[in-house]
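You will see two complexes here that share subunit A, one where it goes with subunit B and one where it goes with subunit C.
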Partner chain A sequence: MNRMIIDGLAFALPLFIMAVGGIYSEQSGITNLALEGFQGVGAFTGALFVIMSADVLKPGSLPQILLAFAAAMAGGAVYSLLHALLCIRFRANMVISGIVINILAMAVTAYLTKQLNPLLTGAPSDKFQLGVSMRITIPVLSNIPVLGVVFKDLYLFEIWIVLLAVIAWFILYKSRFGLRLRACGDHPQAVDAAGVRVERIRLWAVLVSGALSGFAGMCFAYSISASFSSAIYAGYGYLAIAAMIFGNWKILPALGACLLFGFARSGGNEIVLLLQMPGAYADLVMILPYLLTLLLLVFFSGNNQAPRALGEVYEKGKR
Partner chain B sequence: MKKGKHLIQRGLILLLGNEKTQPITLPLFAVFLSLLLGMVIIAVTGANPVNAYQNLLQGCGILPKPSYAAYKNSFTDFTGFLNAWTPMLFASLAVAVALKAGMFNIGVSGQMLISGFMASILAGYADGLSGLTAKFLVLLVGIAVGMLSGGLVGWLKYRFRVNEVVSTIMLNYILLYAVSFCIHMWYINPVSRQSAPVTQASRLTLLDVSAGGMKIDIPLGILLAIGIAFLLRFLLNRTTFGFEIRAAGKSPEAARYAGMQVGKNMVLAMMLSGALSGLAGVTYYLGYFGSIRPKVLPAVGFDAIAVALLGNSNPAGVILSSFLISILEKGNTYMSSRSGVPGEIASVITGILLLVSACTGYIRYRINRLKECGPNTEEKGRKGRRGEQSV
Partner chain C sequence: MEYMVEMRHITKRFPGIVANDDVTIQIRPQEIFALLGENGAGKSTLMSMLFGMYEPDDGEIWIRGERVRITSPNQAAGLNIGMVHQHFKLVQNFTAAENIVLGTEPVKRLFGALPCFDKQQAEQQIRDLSHKYGLEIDPAKRISDMDVSARQRVEILKMLYRRAEILIFDEPTAVLTPQEIRFLLEIIRELKDQGKTVILISHKLEEIKQIADRCAVLNHGRLTAVRDVKDTSTREMAALMIGNELPEPMEKKEIQVSREILRVEHLTVENKNHLPVVRDVSFSVRGGEIFAVAGVAGNGQIELADAIAGLLKAKDGGIYLNGADISQFNVKRRIVSGLSYIPEDRQTTGLVLDFSLADNLILKKYGREPFSRRGILNPDEIGRYAEELIGRYDIRSARGKRTLVRSMSGGNQQKAVIGREIDLQNPLLIFVQPTRGLDIGAIDKIHRQILKEREAGKAILLISLELDEIMKLSDTVGVIYNGTMTRISDAKSLTADQIGAYMMGVKGA
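On to the complex of A and B.
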């Protein structure tokens, strides 16, 4: 039971922060299917930083982990500029742009990993080995009966995610920038009439989604896979999008959806272990989060209210 | 310097300015631009880009190689290329049909997988079937299963308003793990770690046919694929059904107002798209390969999105664009062995090609602007645009 909560949280929180990024982008009116690509590129830059700094910083030390996450956020943000360029400046179809960006991310990072590995590590390989990020247990809180398990064996990044999410929530719902951002997704003409540049706000929103997705990608690279390879493109980005839609483009409900996915997955794994089923049954468990998503979407899509100007290129002259 | 810029602008207007030929010239321009970028990337890695492209064509049997293994020549290479092209063409047509109806079928990979798997277990492993019956059964099962899985997506969208992009992606993963589970449980070949190979009778590609001293693989599906592409062109452009699908894709509200049943057309279009994915699946798993690798979605299904976009979701255009992308994908093994360029470069070039073709709308917009204002007044035109838009 404890294992299930610990593993479930470690999977759900990165998903959640990625969904928050998606909410920023889509609340500003930019459809964002590119989360998958952003998280992959973020994980790639983070992993690249870890490999390149191996001589200077102690592997697995706090400064290295911190800087690796910073690098991942920067990588995701820079790559997300491409999506912003296509959607805002080039007026491309946003769905197409997102898919293209995912395909390109997969191709480019796989190619670069293969090219750079012999140069950096001296061994031909298609993955960067990372190891697992350190885990901590918060002393007093973890002794609380029942609920204490939430504070046990935490990855460092889980704490940072909670901090980031609180900041993101505050900015989106309580600040002037957040109000304008949400208005861009509902009625961009009104924002423009108020004298604010719609394109600029949308650009910032996409950048935030890129940075947060990059962070999430690095979490997956540092925990589940303990390496960077093209296996990082396992559809986490799409799960985050599903969580966002299921959460009606709001931050707190999206957290609920992510927790559901996380616990479905870890619970399934636990059952396979408990009943000592053959390895093939692990595949059945993997189905759970996706199946759950689909079923939930079937039940809740009808009532959902997407941002009204979602996916529309903003044109000043349009009424 | 300034003069040079004007010259380029004039050239671009001359080449791409004609609005009637733009549906053809713009994709060609996109291809040209991305192949050029690809050459730069190959040159950066230290190889000769011209040689590398030549090797791509040689690997597909379009140019002769310097030497051949026994029983092989450029014709056998070419049929091998056709073998790889067939599923790509079907898959791209599947994406194109859905796009015409205004939907993104990202689930081609999953639909291919489930169709290939069902065809394998229902017809591929059956002993004692004659070649013709087995092949017919394989096609039938492929079409039926594909149609069901595609129709499900359409129905979910029509009935429950589930976004088809998300539902197809979820279905991809569900099918991927479900099929992988079944293969691991019942159909695994312990040596190859793949599903057990299907019978020769059910293979849609005739293997190692001896003719003229050569051993040739004959992909039967390619004739069907090209035939269906033209049939589809007729269906979309010349029939009421095709018109209604396109109307629903362009503007669902207008179509509804005109009295068309948009929901029904959406489901039908997705069923058609699924059936084509099914054909792609059987030609991939029971033609090109003879078995299924568990836990892998065929990349063809995703590349097909690119191909359909590049071909303007027009069946004839898709034939050309899928031909091109297949050359990149099929020829890269030979290229990497000959000139040492890593094979992944092919997917990078495909990615760039996609990126550029996603921008063709913008390129068209800029070219038409340039033409209206004239190359010398471009700066003025740009300023004018702001004024004009704020009216």
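On to the complex of A and C.
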């Protein structure tokens, strides 16, 4: 049971911060299917940093982990500029742009990993080996009966995600910038008439989604896969999009959806272990979150309200 | 300073047309200045340039005696120019206060440091402003929960919040009921008394007569006249507006109604959230009768029409056409049973915009001979038929039957829909907002067409938001309020004001 909660959180929180990025982008009116690609490129950048800094920074040390996450955010953000450029500047179809960006990310990072590995590590491999990030247990809090387990064996990044999410929540719902961002996704003409530049706000929103997705990708690389390889493109980005939609494009409900996905996955794993089923069944468990998504789609899709101007290319002066 | 606003020799071209051709207008401080003209005459374009949405190709704009270049709405706001657009620019899921302050939001510091949007202060500011100008709104209410006239007040407050002195209203009364119109005109007069300069774009002559000091008339992009309103009759204004003699006033012949053609019994329709939008509505329409449904937008009249035509499924009740219950029929069977439908939105429901005119004209007949045989279309027959309808209904377009419908004007698109539906020769015609967005000339033609069908003995169900239209055409009026048919009366026994009162839900007026 404890294992299930610990593993469930470690999967759900990265998904959540990625969904928050998606919410920023889509609340500003930019359809974002590119989360998958952003998180992959972010993880690649972070992992590349870890490999390259191996001589300078102690592997697995706090400074290295911190800087790796910073690099992942930067990588995701820079790559997301491509989506912003296509959707905002060149008025491309946002769905197609998102999908192309995902395919491109996978191809380019797999290729680069293969080419760079012999140069950097001297060994031909299509993986950057990372190891697993350090885990901590928060003293006092983890001793609370029942609920304490939430504070046990936390990856460092889980704490950072909570901090990032609080900041993201505050900016989106309480700040001027957030107000304007949400207005852009509903009625960009109104924002323009109020003298605010729609394009600029949308650019920032996409950059935030890139940075947060990059962060999430690094979380996966540092936990479940312990490496960077093309296996990182396992559809987590799409799962985050599903969480965003089930959460009705709002931050807190999206957290609920992510927790559901996380616990479905870890709970399935637990059952496989408990019943001592052969290893092949563990792979079967991996499909649980996706199956759950299909089920939730049936029940929850009707009442959701997407941002009104979502996917609408904004042209200044259009009446 | 003699003039508040001067637009001198303004010319603006768009691909294919000259929207404004050497137009000069001069507006005095604190006057209500009306811009008159038909659709496409260039009124909105002219004002869009004053508001910075476009720049003129030629000509000068002077504000308070100084020459200015206005390149953005922001700059216009800086010159104290505000505009209420015909289509409101409001964020639906924001409150009134959030919408009004957007772009210049008050900020407070949380814990002395974190800047955040100060919602309380915004709401207080808007409350004060709304009291000052007598524009009652609830600042904390969401736009999506407001009716049209409240939304309009929000738009007006938005201008006032930005300290606008020159207020442009683009067709502000198009969407309002008579009572709301009177209230709005009162507000506009009040704004004038408070020292504002008002520019009113309109084609409703009665209103201009009531409220404006001077008016300028535009016709096909040219300024044709500037007049003092008090010395000009509405008939004269109308003649200036369409640029030639007015059409003969329409004559509605007394004719004998025949048997009942459509009967609706206890019809209830639900929307997708399972809330009833049409509640237990019953009425009947006879041959040679125009039955008009009057109501404020959103009171269930569209759903009523859609349910009769078969686009929406009725929850309960019967629909009888020539005595046969068609309520379980699909759309196609209803058409064949004798129902023609001119829907509210010609562009999405009435036409396939990217099909040619000819293909659109056979949209409800393509399966019948001679237009197709064993599933193969016969282009020769289709073309011949299209040319026949184009001639008979005077549908004008650049390339005749081959024109893409998307490129046609709204009036001609509507003529195509109406021609197609009338030519089905069905005994029942349902018109929903048949003249929406059309100009006087086109409206006149369509009204004549409707009366002609009445004389031919058709049963006509007319659903309209325009009271003028209902008063002019209907034999019987049914008022719909909140999904219920609250009153059915002979049209001659009601005045427009009485109908307006019923539309607002007033009982026993």
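Heads up, the rule we're going with is that the second predicted complex is superposed on the first by the 319 of 319 C-alpha atoms of A that agree within 3 Å, B and C clash if a C-alpha of one lies under 4 Å from a C-alpha of the other, contacts with A are read in each partner's own complex, and residues count from 1 in each chain.
By definition in this document, contacts are C-beta pairs under 8 Å (C-beta built on N, C-alpha and C of every residue); 3 or more make two chains touch, one makes a residue touch a chain.
Bear in mind the structure is a predicted one, so any value in this text is a computation, not a measurement.
Of the two partner chains, neither subunit B nor subunit C is touched by A:160. Looking at the shared chain after the overlay, A:238 reaches subunit B, while subunit C stays out of its contact range. Legend: residue contacts after superposition of the two complexes on their common chain; A:297 is shown touching subunit B, with no touch to subunit C.
In the superposition on chain A, A:280 makes contact with subunit B only, not with subunit C. Applying the stated contact rule after C-alpha superposition, one finds that A:169 touches neither subunit B nor subunit C. In the superposition on chain A, contact of A:308 is made with subunit C only, not with subunit B. Residue by residue along subunit A, subunit B and subunit C are tallied for touches, and B comes out ahead.
The residues of subunit A shared by its contacts with subunit B and with subunit C are 317.
Contacts from subunit C toward subunit A in the complex involve residues 44, 48, 53-54, 72-74, 77, 85, 87, 89-94, 98-99, 102-105, 107, 110, 114-117.
Chain contact summary for the complex, subunit A toward subunit C: residues 170, 174-176, 178-180, 182-183, 186-187, 189-196, 305, 308, 317, 319. Chain contact summary for the complex, subunit B toward subunit A: residues 45, 104, 106, 156, 160-163, 165-167, 169-174, 177-178, 180-181, 184-185, 295, 302-303, 305-306, 309, 342, 344-345, 347-348, 350-352, 354-355, 358-359, 361-362, 365, 388-391.
Considering their complex, residues 33, 82, 86, 89-93, 95-97, 99-101, 103-104, 106-108, 110-111, 114-115, 235, 238, 241-242, 245, 279-281, 283-284, 286-287, 290-291, 293-294, 297-299, 301-302, 304, 315-317 of subunit A touch subunit B.
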